[in-house]
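As structure tokens, here come the structures.
Shared between the two complexes below is chain A, which pairs with chain B and chain C, respectively.
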Partner chain A sequence: MKKSLGIITLFLAICIFTSIYGEGFLSGYNLMNLTQRTALFSILALGAGVVIVAGGIDLSIGSVVCLTGIMTPWLLVEHGWSPWSVIPLVLTMSAAIGLFHGLLITRLRLQPFLVTLCGLLLYRGIARWMTGDQSQGFQGGFEDVRSIALGRFEIPFLGDYRLPATVIPVLVIALLMGFCFSRTVWGRWLLATGRNESAARYSGVPTAWLTTGAYVVCSLLAGFGGMLFIFDTGSAQPSDFGNFYELYAIAAAVLGGCSLRGGEANVLGILVGTATLLVLRTAIILLGLGSQLEFAVIGGVLLLGIATDELVRRYSARRADRVSRVSH
Partner chain B sequence: MPAASPDALAANTRAVLRVRDVGHRYDGVAALAGITLEVRSGEVLAIVGENGAGKSTLLKILSGVLEHSEGELETADASGAWSACRMQSVRDAARAGIALVHQELNLSENLDVAGCIFLGREPSRFGMLQLAAMHREAKHWLACVGLAIDPSTLCESLSIAQRQLIEIAKALSTEARVLILDEPTSSLSAHETARLLALLRTLRANGVAILFVSHHLDEVLALADRVVVLRDGKQTGELLRSACDRAKLEQLMVGREIVAAPPRPQRTDAAVRLRVRDLVSAHAKRQPVSLEVRAGEIVGLAGLVGAGRTEVLEAIAGITESRGYAMLDGKLLRGGAAHRVRSGVALVPEDRARNGLFLENSLAMNLSLAWIDQHRAAGLVRTSGECALVDRMISRMQVRPAAPHRRVRTLSGGNQQKSVIGRFLAISPKLLLLDEPTRGVDVGARAEIHAQIRQLADTGSAVLFASSELEEVLLLADRILVMHEGRIVGEFAARAATEIAIMQLATGGGCEAASMERASL
Partner chain C sequence: MSMKQALLSSLVLAASTLGIAGIASQGDLVANQKARIAEFAKQPKSRAHVAFVSNGVADFWTIAKAGAIAAGKELGCDVTVEFPGGGLSDQKRMLEDLLIRGVDGISVSPIDPKNQVEVLTLIAEKSLLITNDSDAPAAPRLCYIGMDNYIAGRMCGELARDGCKGGEVAIFIGRLEQDNAKRRRQGFIDGLLGRSSDPTRYDEPSKVISESGYTIVGTWTDSFDRAKAKANIEDVMIKHPKLALVTGLFEYNSTLAVEVFKQSGKSGKILIAAFDEGADVIEGIRKGTVLGTVVQDPYGYGHESVKMLHAFTKGDFSMVPSDGILSIPARVIKKDNVDAFWTDLKAKLEAGKAATKV
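On to the complex of A and B.
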């Protein structure tokens, strides 16, 4: 909680500012929409966070979202497969993509940036070729399966705000991840690997497997996220579905306190980081800044957030050292 | 305390730098206080003290890295007139004719030798490098330090000893009158050290003032004209070479006598725990190595830097792949490092910052990392057990300060080394491998580390360590194996070994196997 104080403050500040100066920010519909988008993007950001903690980077998230998001309706509608075979197949394929990245990085010792950059190009290309670059959608069907993303829970006394069902998988994943990092041996190992891979190896940590595992988790979550995104939107173009999503995911994870140097995890921070980015996006529209400015504003705020965070961290590290010196 | 009186010194020396009552506080805590000394041209002044005694702080102040908060610095110009100087940057120090040769070598590996020597001061005309002049000059300074290499050699292809000499050439090329060396021999072999000391003697004869910091009292006694001893940030003594000996220096440094360890019983009848046969590391195409370590035995690998000791240890630990085999208690060791740590093999690496420590993490995390796996319950960390373990290891290893949440980066070198060794002692390994167990560690901490290693061996574990310091090998080992060019060329029982005999084998002289090989060629 203490680690997330900065990002929570930033988040609240943007919320308060927008609700005062923007119209309709606090409307039930807008808040429900924001919750839904935050939940969907959180899944990607949590995946990106795991890889970043392990000291790596995954640029292919958006393309994996595209591939799985396009493949799901393509197999269901065009090929008439049953959801019970499509969903496991798509998830297995995502995990296999992660395994492929992980093995290239740990066994062939290729750089994560390059491997996943190639993945970024590769998977979108495959998605476009597979579907002949045609838009894919559910054409109004598959209501039952799509309710994973479209379901809403009524909450008393909140007016027309209804809680999106996507919040459930996000909370489950986030809690599981938080538990892993704080209490399990594997979580500790992943943190150690991200911090100093060589020292972790000397200490008996199976670093290659952990790194590979991190990429598997990341791609699996990207695949799962891609499926939820298409369930949510209903149809998509292979050429632009999931464009830049990896950058949102990475930005959210970093904003949430996962240093790109690796070895620092903050699950709550990732969630709040994602929410901050999406609120910012909405704020730009509600405040009438013009959507052309979207990327510029997000870039600026991100830079500010990271710089402040770094300065605060440096200050508090110095203080902590001083305190422990005096008390011992 | 016999202070150095000017008339006792050689006539050709002249004071060039005066330090008066200098002190420094970090966040209100005095790291250094009341230091008063004089640096003279044509003289070697050694500064000794344990880790954390304030040597580094003093060097940083003298070289302009750190600005002192108390006292005065004065320099003499060529005519002998004194003026107070404020050293706020390395540039100020350079202007005053002071150059520091760092303990960690900071050469830019992608530059050539000439580029390294003149980095930041490149001779240029209208922004164009004058390469010819640079190389000509570089050649001159290389000759001064006795290095016969081409100035266009890339720094990354040089050995550590050569890099050290280039650092010195770089310092000399600034026309420094005061040369400060921080632990210059910590990564050199005995042979290279001897050459470096000879070079420093030559420089002294040429009128350079040398300030020399070292943990190795032998070197200090061999080289210094005067010795200043620091302890806990204070000056505890200033002695002329003629007035000091080892015991006296140690006593001034530590403030207590270091008790020699009692002799250990011989282990010739104990069961063999580690059996290595024809091991060839894939890292270096070396000769096959075979050796054995018995239960409760401490075996030392002696040899020069590059003799292949690290490769043997890393191959046994599974860090690098290898051919041949290593057996622990009759079972073949397989797989990578993770697998072998689980079977009870631990390696304390040579480079603790790179391969040992998580510098930004807490002392607790560093101490418990290997333990948490051995004592996990269904994949979960036993957090209460972990806290108890950390407290236990801190008191057992005598890590100071005993602050589990403090970042390891802020600990002194000796305490950092204790925390790496503590991490592996926490899992009570059956076989403990140590590569340079006390590199850059002071006398007191070294004795404490050695005691812990002996204690582990007393429980029946096998210990195999490599050290470039003969003194340490003789002090710690029950049995000594000497390596030369990738093979084991000799073996001694510790009692029968002498430094001279080991050096002879380590340098390839007086070795039967080697001479036979030469005869057969």
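On to the complex of A and C.
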């Protein structure tokens, strides 16, 4: 919680500012939309977080989102497959992509940046070729399957707010990850691998398998996220679906406190980091700033927040140091 | 005359000479292309190779591809179709590669015609240039095939005006950089507000316009990110709870508006004036939740482009109208003609899929 204080403060500041100066920010409908978007992007950011903790990077997240997001309606609508076979197939394929990345990185010793950059090009290319560049959608059908992402639960005393069903998998994944990092040997080993891979390996930690596992989790979550995204939007075009989502996922994870140098995990921070990015996007519209300013405002606010957080941390560290010197 | 004045006068003279030379060279390039076509009349190409280049990747272009391939088969010429997925730089690379391959003519939909004059000039120098879908009047093109996006936008605006008698209106569009998007948006605004026809008029996207009982609350872009496009509609609904009508000026914008209103229980309460032929939009027209949609004829763009370029390689310039614009007008699809339109479109889409596998 202490580690997430900076990002939580920034998040609350944006929320308070937008609720005062923006219209309808605290309406049930807006909060429901924000919860839904945060849940969808959190799945990608949590996956990116696992790889970053292990000291790696995955640039193929957006393309995996595209491939799985396009494949789902393509198999269901165009080829008439049953959802019971499509969902497990798509998830298995996503995990296999992660395994492929992991093995190339750990066994062939290829650089993660290059492997996943090639993946970024490869999977989108496959999606475009497979569908002949035609957009894919559910054409008004499959409402029961789409309810995985579109389902809403009524919450007593919260007016017209409905809790999106996507929150459930996100909470399960986040709790599992939190438990894994703080309570299991595997989680500790992964942190050790990210902090100093050589030291961990010489200490007997199976670093190659842990790194491979991290890529499997990341791609699996990207694939699952891609499915939820297409269930949410209803249709997608292979050339642009999921474009740059890897950058949002990585930015959210790093904002949330995962160091790009590896070895630092903060599950709560990742969730708040994702929410901060998405609340900022909404704030721009509700404050009437105009969509042309979107990227400038997001970049400016985040930079200000990160710089302030860093300065406050340094000040606190210096103060603590001074206090300890005086007491000695 | 002082030294300073003399220098200034020389600079002005040099600039104007260059300017005249520039204008003359564009005219020369058109004349050169016509001369090459005249040479083809004496020595026609036995088998021509022509190219069709879109401004992006969309179902719309797949139908255009079907038209181009069909024309190629009818006329016995080789056709290369390219869809640039990476914007301006990708389109430039594809056009340069086609010139290296030595194609006889190119029909292109320029993404940013004002800033693509160099590459378009290069095509005119080395091959034969026509434009489709989005025009580049300043470039040395021989003909433009397509509709006037300002007029199509007006048709959409008038459709909205007929179905919605006033209130708040929001505009959603993928991006505003390309010429056809700007003209389409302006046409919509002018048509909705009942203004006189003036394609040179330009209302700032961030400006709120209140006229004739309508308030256009803004224009939102999404750079083709569907999650962002959907979020834009949801957020604008919160910011403007009294919204009476929205328009999606790119195909997926209208489709997502149908989806968002369905999810939020606003179907039929907030009206939609659509553009292009998304499946959900067509269903919405049938159900009465969408007022109607303005559709283009991409099949015609592809077919007529190949037919014209092929004619050039036989020395035939007769397909080009005197004003250099071959108009393929847009149509308004409403409840009364939606079924006939959909049947015809499905047949073309099937042809498009078959063409993609070629």
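Here is the rule we use: the second predicted complex is superposed on the first by the 303 of 328 C-alpha atoms of A that agree within 3 Å, B and C clash if a C-alpha of one lies under 4 Å from a C-alpha of the other, contacts with A are read in each partner's own complex, and residues count from 1 in each chain.
Going forward, a contact is a pair of C-beta atoms (placed from the backbone, for glycine too) under 8 Å apart; a residue touches a chain by one contact, two chains touch by 3 or more.
All of these numbers come straight from a predicted model, not from anything done at the bench.
Visitor: Check the residue A:184 against both partner chains and state whether it touches chain B (first), chain C (second), both, or neither.
Guide: first
Visitor: State whether chain B or chain C is in contact with more residues of chain A in the superposed arrangement.
Guide: C
Visitor: Please work out whether A:313 is in contact with chain B alone, chain C alone, both, or neither, and reply first, second, both or neither.
Guide: Touch status of A:313: no partner.
Visitor: Applying the touch criterion given at the start, work out whether A:3 contacts chain B, chain C, both or neither, answering first, second, both or neither.
Guide: Touch partners of A:3: none, neither chain B nor chain C.
Visitor: Once the shared chain is lined up, is A:162 touching chain B (first), chain C (second), both, or neither of them?
Guide: In the superposed model, A:162 contacts neither chain B nor chain C.
Visitor: By the touch definition at the top of the document, which applies to A:292: first (chain B), second (chain C), both, or neither?
Guide: second
Visitor: Between chain B (first) and chain C (second), which, if any, makes contact with A:23: first, second, both or neither?
Guide: In the superposed model, A:23 contacts chain C only, not chain B.
Visitor: For chain A, which residues are in contact with chain B within the complex?
Guide: Listed in rising order, the residues are 183-186, 188-189, 192, 195-196, 198-208, 263, 317, 320-322, 324-328.
Visitor: Which part of chain B faces chain A closely enough to touch in the complex?
Guide: These residues of chain B touch chain A: 27, 29, 317, 319, 336-338, 340-342, 346-347, 349, 354-361, 365, 369-370, 372-373, 376, 379-381, 383, 401-403, 405-407, 410, 423-424.
Visitor: Which of the residues in chain C come into contact with chain A in the complex?
Guide: 56-59, 61-62, 83, 85, 205-206, 218, 220-222, 224-228, 230-232, 234-239, 241, 252, 255-256, 259, 263-264, 278-280, 283, 352-353, 356-357
Visitor: Can you list the residues on chain A that touch chain C in the complex?
Guide: 22-25, 27, 29-30, 33, 37, 40, 128, 132-135, 137, 139-140, 150, 229, 232-241, 243-244, 281-282, 285-286, 288, 290-292
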